[in-house]
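Both complexes shown next keep chain A, but they swap its partner, so chain B is in the first and chain C is in the second.
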Partner chain A sequence: MRAFALITVLMVGGLLFYGLPDFPDWGDPASPASTHLSPFYIEQGAADTHAPNVVTAVLAYYRGYDTMFEAAVIFSAGLACFFLLRTFRQKSIETRLYRHLPTGVTLRIEEGGKTPEGSDEFEPIDSHWVPYDMIINLTCRLIVPFVQLFALYVIAHGHYSPGGGFQGGVLFGAAIILYAISTDLRTAFKRLQEKAVMLLSALGVLIYAGTGVVCLVLGGNFLDYSFLAGILGVDAVMARSHGILIIEIGVGLAVMAVMVMLYYNLSSAGRHDEGL
Partner chain B sequence: MIWPVDLIIMLLVMICGIGAIMVRDLLGAAILFGAYSFLMCLVYAIMGAVDVAFTEASVGAGVSAVFFVAAVFHTSRRTKD
Partner chain C sequence: MSVLDIVATAMIAMGLFFFLGGAIGILRFPDFYSRLHPAGKLDTMGQFAAMIGMAIYLLNDLSLGSVLTALKILLIVVFVFITSPTATHAIVDAGVRAGLAPWTKESREGRR
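Take a look at the complex of A and B:
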């Protein structure tokens, strides 16, 4: 079986290398992509959308329909992970660990024992619990707000610099994942519940598709943001710029929520009790 | 493009890629895969595709490495084959 796999891989690799010389050179101005499509985007992009970053203009305006389905693909990936992993059957944990906050003493309570649930002085801790490291805890606490701020900057500044909804959403999700790693999963759930994550991921895709439908209702094509000019009170070009920002926010919300949902389900194997 | 830099990064990409499938420790494979993604991000940045490089750095090297570690956490670290 291994020999068969190796032969297959070598043959496919050989085919790829065989086809390589037919490709145009990297950055060749005479290649088909550079002769017809790219000049149009480079010349018209800034004039059409007020977005100096051509990639954002192509991704969110000229190819907005493709990007909408990319967001939908990410949303369905999150849903698939949820349906595959999430278990609602409560697995009975025989022993539970509680930490007494003022003294730092850890209590180990066997099954059927009286748990100090609801008490302010005790907190439940994971069975793989490692003692609190103050440096890691404080560093993560300091870093998380700045990562979130940078994520918002990346989303809002996508017209001018590299970045946009996808990258900003991933960064925002990474900040929440960092918070969940540095404390534990239960603390993260207190900040961002599972229901909120599910709602946000659906809301992001809804914002994107809803913008397209609003354009449709106002008499334009699907995702033709220039017809939003009446609602936003600006001219058509500025309306395209604002439309790009609106759908970037939608993509950012969806991606952030899906990243957090994937982490919640993967790190706790779908049980949502204790994790990484 | 500066070809010596390019060559070094390409060699490191190959080493990381082959190492990620050869290594027996799954956690090591996850980390090597993260390094592979980061080196690919450098390649994209050298070619001028900054948006793609940004996506690769945040998704490939950042979040997916965390997902791999989270998945390895629930299985054994040693692989059988």
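Take a look at the complex of A and C:
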């Protein structure tokens, strides 16, 4: 069987090498890829969309339909992780740790014991709880706002520099995950609940697809932002630019929420009670 | 070649020297903790020197754009200075909590 696999690999590899000389040279201006569509994008991109970054123009305007399904793929990846991992079992009463806030005493309640749930004076802490680390905590608290600001910048500045919804969304999600790592999962849930994460991920894809539907209603093609000009009160070129920004925001929301959802589910094995 | 060019070249060369020391240290030191020492310190110092060198090089033609770029480079330096030692600290902390014993001369024979 291994010999068969080896022969197959060698044959396919040989065929690939056989076909290699027929390819155009790297960056050949006469190659089919750079004679039909690419010059059009490069020449028309800035004039059509007022976005000097051709990548953004192609990704979010010319190939907007494609990118919508990329966002949908990310959304369904988050959903898949949710459905595979999330467990809604009743809170199993294993050994639990509770800290008495006024005194700092930690109680360890064995299985079947009476838990001080609902009391203001006790705070549940993780069973893998590690003592409060001031250096990491303070540094993360210092860094997180800057990471979030930079993420917003990357989303908003995607027209002019490398960036856009996907990258900015990942940065924003990373900021929230950093916060969750530097404290614990409960503190992160207080800031961003699971419901909010689910809603945001769906909302992101909805913003994207909804923009397309609005264009459709206003008489254009799906995702033809120039028809948004009437609503936004600008001319067609600026309307395309704004349309790109709107869908980038949608993509950013979806990506951010999916990142956080993946982290929540993976770090607590779907139980969402305690984790890193 | 202006004075700024020479200073910039010297700074970048110094940064590369620190990076080289860090790489050698990561390869040559005996255990986890001592390897993190060059990884955390020399890389931070190396990127500091190299980045400052680049910022100085940019200031050769003094315009708003180059000053802005130099300021962005300085921001990178500041953030790496904050985060890199913290990351090293977190890794060392995790190692101690996981129970990894530091290397000593006596434990050299009985290394796991």
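We adopt the following convention: the second predicted complex is superposed on the first by the 234 of 276 C-alpha atoms of A that agree within 3 Å, B and C clash if a C-alpha of one lies under 4 Å from a C-alpha of the other, contacts with A are read in each partner's own complex, and residues count from 1 in each chain.
Just so we're on the same page, contacts are C-beta pairs under 8 Å (C-beta built on N, C-alpha and C of every residue); 3 or more make two chains touch, one makes a residue touch a chain.
Every value quoted in this text rests on a predicted model; they were computed, and no experiment measured them.
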| item | value |
| --- | --- |
| Simultaneous placement of chain C and chain B on chain A, clash or fit | fit |
| Residues of chain A touched, compared between chain B and chain C (which is higher) | B |
| First (chain B), second (chain C), both or neither touched by A:223 | neither |
| Partner chain in contact with A:125 - chain B first, chain C second, else both or neither | neither |
| Touched partner set for A:136, first chain B, second chain C, both or neither | second |
| From chain A, separation angle of chain B and chain C (C-alpha centres, steps of 10 degrees) | 40 |
| Touched partner set for A:209, first chain B, second chain C, both or neither | neither |
| Partner chain in contact with A:146 - chain B first, chain C second, else both or neither | second |
| Least C-alpha distance (whole Å) that remains between chain C and chain B when both complexes are overlaid | 13 |
| Residues of chain B touching chain A in the complex | 47, 50-51, 53-55, 58-59, 62-63, 66-67, 69-71, 73-74 |
| Residues of chain A defined as touching chain C within the complex | 130, 133, 135-136, 139, 142-143, 146 |
| List of chain A residues in touch with chain B within their complex | 26, 53, 55-56, 59, 162-164, 166-167, 170-171, 173-174, 177, 181, 259, 262-263, 266-267, 269, 275-276 |
| Contact footprint of chain A on chain C as seen in their complex | 79, 82-83, 86, 89-90, 93, 97 |
